[in-house]
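Below you'll find the structure I mean.
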Amino acid sequence: MQPVPLTLVTIIAEHVLKEKLLFELRQIGVSGYTTSEVEGRGSRGVRASEWQGSNVKIETLVSVEKSERILEMVSREYFAHYAVIVYRVPVEALRAEKFA
Amino acid sequence: MQPVPLTLVTIIAEHVLKEKLLFELRQIGVSGYTTSEVEGRGSRGVRASEWQGSNVKIETLVSVEKSERILEMVSREYFAHYAVIVYRVPVEALRAEKFA
Amino acid sequence: MQPVPLTLVTIIAEHVLKEKLLFELRQIGVSGYTTSEVEGRGSRGVRASEWQGSNVKIETLVSVEKSERILEMVSREYFAHYAVIVYRVPVEALRAEKFA
Amino acid sequence: METLEIIRVNLLSPLVLAFVLGIIATLVKSDVEIPEPIYKFLSLYLLFSIGIRGGVELATVSFAEFWLPAVVTMFMAVAIPTWSYLIVRSVGRMDVANAAAIAAHYGSVSSVTFVAAISLMESLNQPFEAYIPTLAALAEWGIIVGLFIARWRMGTAGSIGDVVRDTLAGRSVILLMGGLVLGLIIGEDGYAPIAPVFTDLFRGFLTIFLLEMGMVAARQLREFAKVGPFMVGFGTVMPVINGIVGITLGTFAGMSLGGAFILGCIAASASYIDAPAAVRATIPQANPSIYLTASLGITLPFNLIVGFPIYFAYTSWLHGLVNGGM
Amino acid sequence: METLEIIRVNLLSPLVLAFVLGIIATLVKSDVEIPEPIYKFLSLYLLFSIGIRGGVELATVSFAEFWLPAVVTMFMAVAIPTWSYLIVRSVGRMDVANAAAIAAHYGSVSSVTFVAAISLMESLNQPFEAYIPTLAALAEWGIIVGLFIARWRMGTAGSIGDVVRDTLAGRSVILLMGGLVLGLIIGEDGYAPIAPVFTDLFRGFLTIFLLEMGMVAARQLREFAKVGPFMVGFGTVMPVINGIVGITLGTFAGMSLGGAFILGCIAASASYIDAPAAVRATIPQANPSIYLTASLGITLPFNLIVGFPIYFAYTSWLHGLVNGGM
Amino acid sequence: METLEIIRVNLLSPLVLAFVLGIIATLVKSDVEIPEPIYKFLSLYLLFSIGIRGGVELATVSFAEFWLPAVVTMFMAVAIPTWSYLIVRSVGRMDVANAAAIAAHYGSVSSVTFVAAISLMESLNQPFEAYIPTLAALAEWGIIVGLFIARWRMGTAGSIGDVVRDTLAGRSVILLMGGLVLGLIIGEDGYAPIAPVFTDLFRGFLTIFLLEMGMVAARQLREFAKVGPFMVGFGTVMPVINGIVGITLGTFAGMSLGGAFILGCIAASASYIDAPAAVRATIPQANPSIYLTASLGITLPFNLIVGFPIYFAYTSWLHGLVNGGM
């Protein structure tokens, strides 16, 4: 099985955005995602969820095109008011067909 | 200390595979690994562990050759019946001798 | 919004180093970081925190220059006596101004 | 009971002392820690327990005695956010988003204040109405009113529909009302075998919970400087006003001394879980430093330590006046 | 006790009501949540408590009364998976992997059903045999039988050796049998100081646990559509058949009314933790949607709500017949 | 009580049996697991409970009876790490870093040993001094002495200032001393309503905690081979010496039988949480396999299973001698 190039997009956001972001990812048509609980510190001060202690990290393997749309969505919808960062890195994955 | 190129292989799998995968990684001779609890959604439906809520993410820093063998192992043993994805990305790490 | 190149530095260390490492990162002037609880196995044997079960993973998005300083700091201060690994990977992120 | 005596009883109760110990532990940077799952469990347990115990007694309540307190509570769920909003806007000169956010917090209920108020009445052997959990659930609606104000004044404020649904099906409402129905159905006999958990452990678990809340409040208090003098004043004066209104209305609605006191505490308290989450999702422009620090860092300790004796003294005095003696 | 009365007692018990509340909370998408560590702890506590309490009474048990029920349970651990397999193959027309997977589930024990059955007998003041935890541990072997069927019919099914070891050293077995031995050694006197935790809190903690199990079952129930009508029928009829067999064999093996009822519930229940994990690891071809939804989404609620009264009515009737009156 | 009898009582107590069950569960590779948040909560609960209960009784304590035991404890906090260091250096021939690390461990307190010692006295109805939690808090200073030795002999050993602060504001100290003050303030009356949690549940929760500690100790025991024969000897002989010293000093300082026994256990025990964390941060050259395996894998089980009867027999004998009969 030959590895194929894909893009891994990582979003780190305050917890209150979790369901919204996953909903938007499904709208964009990602084939799957993986979430985990993280903590963090960035440019924003206290957040509503901070005393409850956590951010969410969302990782999704997608095509380059979809990664563009995700970056665009996050910056358009959430950058203004929320604590959120997003980055992407090219990776090689097996089973390309899954991530179409 | 000069950073050296290595490959970071990430496996995300349903929890029931954790011990098996780590065993296989040790067989392949990885120098170490890091695991964490994640949740996820992919192409498979409900899984045995799903109502208990979690996948495992296994990350291991290895040489390119070993990364080939890991990808091959995962695809051979687990792709058919299990919820598992695997990808790799080139990184730079310190202490190359550790990851021989 | 145009993605800009940055470096993602990942440190995995025994838990007892968490506060010290974050302190050093702030000294170096990182704009933020994200931490999570992981478990792991490497070349070192039992560690003080091991029976309590966890390592810490620290991820920080920085410029290449700062990534150099972080690698240098970790190798200088912690490689001799502690269980710690560090690696970096180039990524593309939005909002470059944040990570100056 | 005299005012001094009630101050003493409150200040020297295990609950308040544990809260203060939590504050101290944080100030001296201790690593004392109640793990989050335990915190969440205790919070669920306390609400569920209050619901069930209310339910067990509920059989004796008639609609006649219930409807007026319910109307009064609904009135406050509208009125308190409204005047909170107006005060923050006019006196505090804050923008619409922050004012509406604060209104949503002070308009709804802090479950720990509510639970501690019940516990105080129990420890003073002051009976209170079995339907009290229902009033707490109704008071949760204050959040929605706060968010409606935001939408109305700002044109947009996320989807209010979701918030209404989330509030109605929210943790606190389900646990209080679900517990109430469960208690009503099982009655005294069904309750007996679970009483060791839901009655006997209540005060001790609440003590541990307050240890944690003290730590949480103290961490939030560090943001003190950021909120400015207006919010410090607001965070201490507003609860007293709301508390007095709640007690007065409760008393005239025919509630017992204990019941009117608890309703006053519901009114005086500011939400620190449900409101922050709802506000963050719908009014992201508002600054969490302000509303969280006010409700969690200022009003919560104020109510527990200073407010309770004031409210109880006022309730006693008013009941003496209205009913001609306690 | 009359059948109607037992239906009432069961339906209106805090346990079943908490379970139903959990189902409702999930259906209305509430954010009520029992954190996973609490869930795991309660599950450990309940099994350990049953083990210890059985052990404390065990001194009075003679081998003579124990051996027949033990043999009967071992027989069922072989027979139930076998006929479950045959029924799923012939009537359900499923493939070998899925049939064997289902056999492993219905052949073993749901610990929550087992614990709830014990609690029901306690609340009805029906005594039962002290060695009951041993029977539950023996019944766990049904998993292994299910996996043997898979290996035998499919040529390969992972390493059965591991599964045997995992079952013998599994959580449930260690807690039940370890608790039993511990209880036997400490006796009444040693038990007294720990009784507040292991006896007094039992019913209340079980109530909270069932609140969570209701949420879990309801989430699984959403997969309902995927399993098809056969599995819905199987998930409700199979437990009744197995339950009746268990009760009948238990009764003829000389067990008390309470004991035979509990053995029936062991037989009727389908594992939702140990079996899924073992099956996933050894028969990955089988579809978890099917076996998990059947055992967790259908059979668990069925047993708790509908099954218990049926099994108890049958047990009473049979005991009346055999022993000439209750 | 005779020595054989105390061996029996200790070995067959639920606490030790649960500990042994934990060891067995780990040896047979069972998946029994106490989730970490539960473990942390129980550990907090046990210390807090001991603090509060001590505080409730503290009103009766005069400074006259307290000061000598306090001085004795402070003496031991200096002496025990010192002679531990010297023995490890001279007999064990280890390097400075490892010797100082071991000194810090054996110089301070294992909270589970301390709590279990208190529980043993309670179950034997042996009264002990209310100020005992203070002694445990003082004994924590042994860690600092160990680290001072490291700094003194090695030139550098991280920042001792931080360690002093961390020890003074550490979890154990805050919970024990905070609980003590809380208990002192609330008194008997204030304690009554929280007694169901802090008194009644104590022994049962400790049993569950020891189940987990057995698993932890057994996992650590696997490192046995790595530590070598000297550490095995040290880990069993050193506690006996320290225990006897503690008991003797306590007795001559006028403590009761129960109190002297507990002080002996404080002396005999080796820290397994606070010391490892402090040592790892300040003496990273020291090998955790050695100090953790010794304190957690060897000394902890030794004290709980073998040490307690020895210490109690010695305490009884000494008290008989000094006070002319028990």
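As written, the chains take the letters A, B, C, D, E and F, and residue 1 is the first residue of each chain.
Operating definition for what follows: a contact is a pair of C-beta atoms (placed from the backbone, for glycine too) under 8 Å apart; a residue touches a chain by one contact, two chains touch by 3 or more.
Here the structure is a predicted model, which is why all the values come from computation and not from measurement.
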Any chain that touches subunit C and subunit B: A
Labels of chains that are neighbours to subunit B and to subunit F: C, E
Farthest chain (mean CA position) relative to subunit D: B
Of all other chains, the one whose Cα centre sits farthest from subunit F: A
Separation of subunit E from subunit F, taking each centre as the mean of its C-alpha atoms, in whole Å: 41
Between subunit F and subunit A, distance of the C-alpha-averaged centres to the nearest whole Å: 47
Length of the line joining the C-alpha centres of subunit A and subunit C, rounded to whole Å: 20
Set of subunit F residues in contact with two or more other chains: 35-38, 196, 200-201
Residue numbers of subunit A (touch at least two other chains): 36, 89
Touch relationships between chains, expressed as pairs: A-B, A-C, A-D, B-C, B-E, C-F, D-E, D-F, E-F
Footprint of subunit D on subunit A - complex, ascending: 14, 16, 20, 45-53, 80-82
Subunit D contact footprint on subunit F (complex, rising order): 35-38, 40-41, 44-45, 48, 52, 165-166, 168-171, 174-175, 178, 181-182, 185-186, 190-191, 193-198, 200-201
For the subunit F and subunit C complex, residues of the former touching the latter: 36, 216, 219-220, 223, 226, 273, 276-277, 279-281, 284-285, 288-289, 292-293, 296
Complex contacts: residues of subunit B adjacent to subunit C: 1, 3, 6, 8, 31-36, 61, 89-95, 98
Complex contact set, residues of subunit A against subunit C: 12, 36-43, 55, 57, 71-72, 74-75, 79, 85-89
